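These are the structures, in C-alpha cells.
Each of the next two complexes has chain A plus one more chain, namely chain B in the first and chain C in the second.
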Partner chain A sequence: MRAYIVRRLMQAVLVVFVVITLMFFLFRLMPADPTTMLVESGLPEQARQDLLERWGLTGSLADQYWSYLTNLATGDFGTSFFYQEPAWNVLAPLILNTLWIAVPGMLLGALIGCGLGVVVGWARRGGPVERAGIFLATFVRGVPSFVLGIFILMVFSTWLGWFPGFGIGELGDGFTRYFTWSFLAHLILPVMTLAIFFLPENLLLMRTGVVENRGEDYLELVRAKGVKESRVAWHAARNSLLPVITWLFPALAETVAGIVIIEVVFSWPGIGRELVLAVNRQDYPIAQTAFFLLAVMIVLANLAADLVYAKLDPRVSYE
Partner chain B sequence: MPAQPTATASAAPISDRPPVSLRVSGLRVGYRVEQGHLRAVDGVDLEVNPGESLGLVGESGCGKSTVGKAILRLLPEDARVEGRVLLDGDDVLRMSARQLRQIRWTKLALVTQSAMNALDPVYRIGDQIAESIVAHEDLDRRQAWRRAEELFTLVGIPQERLRDYPHQFSGGMRQRAVIAMALSLNAGLLLADEPTTALDSIMQDQVLAQIQRLQRELSRSMILVTHDIAVVAETCEKVAVMYAGRITESGPTAAVLATPYHPYTMGLRNAFPTIDGDRRELISIPGNLPNLLDPPTGCRFASRCPFSTDHCREVDPPLIEVGPGHLSACHYPDQAAAFRDRAAQRSTWTTDPGGG
Partner chain C sequence: MAEMVEFPGPGRGGPTRDVLEVWAGTRRRSGLAPFVDGLRLLVRDPFALVGLVIIAVFFLVAALSGFLAPYDPYEALPTPEGELARLETPSGDHWLGTTAFGNDVLSQLLVGTRVAFIVGISAAIVVGIISTLLGLLSGYYGRYVDDVIMRATDVALSIPTLPIAIVAVAILGASLRNIILVVVLLFWRNGARIVRSVVLTEKEKVYVQAARAAGASHLYIMRVHILPNVIPVAFLWMTMSVAFAILAEASLSFIGLGDPNAMSWGQMLNLAFTEGSIRTAWWWVLPPSLCLVFLISSIYVVGRAWEEKTNPRLRRR
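Let's look at the complex of A and B:
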C-alpha cells in the first residue's frame, strides 16, 4: 500500500511537470512577448530589456526553459504586472478561498447525487420516480454553470434576500479568520451552485450502476438471505460506487472549469476569479501561476480519487 | 476431510430448526413479452417431505430454475406467478414482505451456482455469511463471525479465509462458501440451483458429496435443481423431470432411472455418461424445446419423441401413476419396456421422429 502511494505520488509529480512544460510552450506560442503591453504603456527600452532578462525571456528557448524551471523550483512564479507583487504572494491567500467552495460543493454534490441516484435506480422501472429523476437530472446537467449561478443568485439573493451573493464577507484574523457568520453566509450560495452543478452526473451514473446491479446474481442471494430491502439496495449501491469514482477522474477538470465560473458569478476572491481577471488584464505571471495551481489541485484530487477507489474495490491490487 | 464442528460449548447459539415440508401445486409462471404471453412454468406439482431430497432435472430452458426461484419468490416483478407453494402449510406466494423476510434463510436457504458472482465482490466472505445470521438471530457481529468460522470448518475451508474477498477464492472454494452460507441458520429446506455446474468434474464430485453428506447429517430437506441426471442419481431420493414448463415424470430416483416410463427421461438418461457406474453410450436428443410463447397442443415432447403418434400431437397426456409414487405423462405406459430397449439404440434418436 505504501509503495503504491509513493508510486502514485511520483506519477502526480510527473504530471505536474508535464503541465508546467506545456504551459511554458503554450505561452510562448502567443504572438508578441509579455512586455508588449508594457511597451505600449510607455516603458523605456532599457527597462524592457531589464524585464525580459528578469523574466528569463532572453537567450535561446532551451535557456529560457531552464531558467523557467529553476525559477519555479525556487518558488519564483514571477511578478504580477498589475499588483507589482510576486504572483505567488497574490495567489497563495486565495487557495484556501477556492478550496472552501470546491471541497464542500463537490462533496455535497457527490453525496446527494449518489444518494438520489440509488433512490432513482431502485425505483420501479418506468415509474414516476425514475422518470422524474432522470428528467430533472438531465435538465440540470444541461444548464451551463454561469446560468445556474446567476439563477441561484437571483432567487436566493436578489428576490428572497436570504443570503448575500457578492464577495466573501467579513473575515476574521489569523488562523480562525474563516469562522465568521458573514463568511458562512457568503459561502452558502456558491457552494450550493457547485453542488447542484456537480450533482446530476453523480445521480445519473449511480442510477445506471444500481439498475445494472439489480439484475446481478449476488443481489439475488442477498435478497434470499431475508435481509431488509434497504440492505439489498445498499449492496447494489456499494457496487455502483466504483464506476462513479472512475468517472470522477476526468470530471474533476470539468468541475474546476465550473468553479472558475462560479467564482466569477459570485465575485468570490479565489484562484479562478483571479485567473479570469489576470487574463483580462494580460497579467501574465498571475495567469500562469493560477493555471499551475488549478492543475496541481486537479492532480491531487485525482490522486485522492485513485486512493479511494483502491480502498473501495478489493480487486484493485496495490502492486 | 473437514474436521467436525468445534465443541458445542464454544459454538455460536444458532436456533435449532426442524426440516420443513414443501408442497407445490399448480405452479404457473408467465411473462408478458412483446410477442405474447410466455409460459415458463405451466402447472407444476412437487412434494418434498421433511428430510427428503428431490432432484429437479431437465435441459436448460425447461423452467426448472424458474420453479426454484418461484419457491423463494425471487422472480422479477413482471413475472406472473399462480398456484401454491406451501412451506410447512404456509403459502409462500401469499406472504407479506415481512413474513417472507422471516422465512427466508430460516426455512428456505439457497445454494446458487457460484460461477460468476453469486457473492458480492466488494464484501469479505465472512461478512456476507454474518449478514445472513444477524438478519435473523439475536447475535452481534462477533458471534455471527464465530458461527461463520464453524461453517467454514464444516465445509473444509480454513477459518482465516473468511477475511478474503470472493475473487481470492477458487471456484470450488466459492461454491463451498455458498454452501456454508446456506447452512448458517440451520434452514429447514435447502434449495440448490445448479450447485456444481460451474465446477470441473473432480470438484463436482467433492461438492456433491459434501452437499449430500451435510443434507443427511443435518437432516435437511433439499431440492436440487440440475440439468445433470447423473447428479440426481447420486444425490436425491426422489426426482422430477421437467420438460417445457411441465413435469413429465417423477418418482423415487431409483425407479425413475432404472425403469423410466417417459421417452424424455429415457433420452436424458442416454445423454449422460455414467449412472451408478454403468457406462452407457452417449446419445443426445435431437431437436429443441418447443416455443413457450405458443406451446403445441398435445404432448410437448411429441416433436422430438421417436415414438410419438398422431394421438400424442393432439391430446395432452396427463400424469398417471405407473408404479408406487412413480408418475409419468406419456400416453403409452404399457409400451414403456419396448421404448426403453429402442431408446438405448443410437439409430432410434437419429431417424426422423413421427412414426408410431
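Let's look at the complex of A and C:
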C-alpha cells in the first residue's frame, strides 16, 4: 500500500512537471511580443530593456527556463502585466471562489446522479423508467455547459427573478467572508449548473454497473435472506460504484472545462474566468499561473480518487 | 489453416468454444461487415433512429447551407426605412430575427451548421486514425512500447482539457485549423486506451494464437484478426469525437477564441453574450443553443445505442 501511494505521488509530481514545462514552451510560442502591448511605444529603449528584464524575458531559452523553474519553486509566479501585481496575489483569493462552485457542484451531481442511476438500473429492462432515464441522461449530457448556464440564467434569473446570475455578491469581512446571504444567493445558480452538467455521466455509469450486477448470484443470496428489494438494490449499488470512481479520474479534467465556462457565464470571479480574461489581455503571468493552479487542482483530485479507489476495492493490486 | 490445428473437446463431441473462435477468426468478412451489422441493429432502436435522422437532416443542411442562407451572414442589413435592422424580432423577412449588428440569425445559423460538421468530422477522422494506431501498437506489442504510450496517455489525461485548449488556441491563433489541431491533441489519448483494451483481450484469444502458431506475421494478425474487432470500438470513439470536437469548438468560440472568418454556433452565442442580449433576444440565443443540444445529443444517443449493441455484456441482461 505504501509503495502504491509513493508511486502515485511520484506520478503526480511528474505530471505537474510536464504541465509546467509544457506551459513554459507554449507561452514562448506566442507570436506577439508582450512588451508591445504593455509598454507605450514612446518608451526609451533602456526602460523597455528594464521591463523585459524584470519579467524574465531576456536571455537564452535555457536561461529563461531555468529562472522560470527556480522562480516557481520559490513561489514566485511573476508579475501580472495587467494588474501590476504579483500573479499569485491576484489569483490566490480566487482559488477559494472556484472551489466554492467546484466542490458542492460536483458532490451534488455525483450524489443525485448515482442515486438516479440505481433507480434507472434497477427498473424493468426496456420499461418506461429505464428508457426515459437513459434518454434524458443522454440528452442532458449533450447540452454544452454554457448553453446549460445560459438556459438556467434565462429561466431562474431573468424570467422568474429568483436568484441573481451575475458576479459573486457582497462578501463579508474576515471570518464571515463567505457567510453572507448575498454570496449564497449568487452561489446557487452556478452550483446548480455544474451539478446538472456533472450528473448524467454518473447516472449512466451507475446504471450500467447496476445492470451488470443484477444477475449476480450474491444478490440472490441477499434476496433469499428475505430483505426488501431496495436493500438488494443497495448491495448491487455498492458494487457498481467502482466504475464510477474509475471514471472520475479522466472526468475531473473534463469537469474543470465545465467550471471555466460556468464562471464565464455567471461572471464568477474564479481561476477559470481569470484565465480567459488573461488570455484575451495577453497577460502571460496570470494565464500561466491560472493554468498551473487548475492543473494542480486536477492532479490533487486525481490522486485522491486513486487512493479512494484503492481503499474501496480490495482487488486493486498495489503493484 | 484452422484444419491443421486440433483442439481436444471436453468430451461431448461438439466443437468447443475455442474451436468456434478459431473458425470465427478465419472466416473472412469484408471490412464493412461490422458497420452493416451495427447499422441494422441501430435502425431497430427507436431513439437511435431518431438520432440518426436528426444528424442526417443537420448534415444535409450543412451541405446546402450556402444555398439555403437567405442573406450573407456577415452583412449588416438595413430595414425598409434604411436604418440598421438591429435586434428585430422574427418576421417574414427574417425568420429568426436579426442580431444586434443587423445580421440575419437564420443565415448565421445555417453557416454555423457547416462549421460544426467541418470541425467535427475532420477532427474525428484524425483522432480515429491516431488512437487506432497507438492502441494497436500499445496493446499488441506490449512491454516497453505499451509502457511509453500508456505513460504518455496517463500524463495527457491529467492535463485540464479546456484550459490547455484556451491557451493553445490563443497562442497559435484563432482559426478552424488550430481548433481542429487542439481537439486532436486532446482526444487521441482516451481513444488509444479504449482501443488498447480491446486489443489486449483479442490477442489472448485462441484463434490469434493459432494463427501465430500457423506462422502468420504480426502485421497479418493485426490487420486480419485484430483490426476487425477493433473497428466497432474505434468507430464508436470517432462518433463521440465528432461530438467532442463540435463541443470544443463551441466552447472556445463562446469564450471568444473562435475563427473570426467562420461564423459558428458558439460564436453567435458569444456575440449575444458580450452584447448583453442573452436576457432579451431569445431569437438570437435559442436557435444556436438548441442546434448544439440537438446535434450533440443525437450523436451521443447514437453512440450510446451503438455501444449497447456492440457490447454483449450490456445486451444480454
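Heads up, the rule we're going with is that the second predicted complex is superposed on the first by the 299 of 319 C-alpha atoms of A that agree within 3 Å, B and C clash if a C-alpha of one lies under 4 Å from a C-alpha of the other, contacts with A are read in each partner's own complex, and residues count from 1 in each chain.
To be clear about the criterion, a residue touches a chain if its C-beta (ideal position, glycine included) is under 8 Å from a C-beta of that chain, and two chains touch if they have at least 3 such contacts.
Keep in mind that this is a model prediction, so the values were computed, not measured.
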{"item": "Three-chain arrangement built on chain A, chain B and chain C clash or fit", "value": "fit"}
{"item": "Contacts of A:R238 with chain B and chain C, given as first, second, both or neither", "value": "first"}
{"item": "First, second, both or neither for A:L221, with chain B first and chain C second", "value": "first"}
{"item": "Touched partner set for A:R124, first chain B, second chain C, both or neither", "value": "first"}
{"item": "Inter-chain angle, chain B to chain C through the CA centre of chain A, in degrees rounded to a multiple of 10", "value": "70"}
{"item": "Partner chain(s) touched by A:G142 [first = chain B, second = chain C, both, neither]", "value": "second"}
{"item": "Larger contact residue set on chain A - chain B or chain C", "value": "C"}
{"item": "A:L22 touches, of chain B and chain C: first, second, both or neither?", "value": "second"}
{"item": "Chain B versus chain C as contact partner of A:A305, first or second or both or neither", "value": "neither"}
{"item": "Touched partner set for A:E229, first chain B, second chain C, both or neither", "value": "first"}
{"item": "Minimum C-alpha spacing, chains overlaid - chain B and chain C, in Å", "value": "6"}
{"item": "Residues on chain A lying within both footprints (that of chain B and that of chain C)", "value": "none"}
{"item": "Interface residues, chain A side, partner chain C - complex", "value": "11, 14-15, 18-19, 22-23, 26-27, 29-31, 125, 131, 134-135, 138-139, 141-147, 150-151, 153-154, 157-158, 204, 208, 211-212, 214-215, 249-250, 253-254, 256-257, 260-261, 264-265, 272, 275-276, 279-280, 287, 290-291, 294-295, 298-299, 302"}
{"item": "List of chain A residues in touch with chain B within their complex", "value": "124, 216-218, 220-229, 231, 235, 238-239, 242, 312-315"}
{"item": "Interfacial residue positions of chain C with respect to chain A in the complex", "value": "47, 154-155, 157-164, 166-168, 170-173, 190, 243, 247, 250-251, 254-257, 266, 269, 273, 278-279, 282, 285, 289, 292-301, 304, 313-314, 317"}
{"item": "Complex contact set, residues of chain B against chain A", "value": "69, 72, 74, 77, 97, 100-106, 108-110, 112-113, 116-123, 131-132, 135-136, 165, 167, 178, 181"}
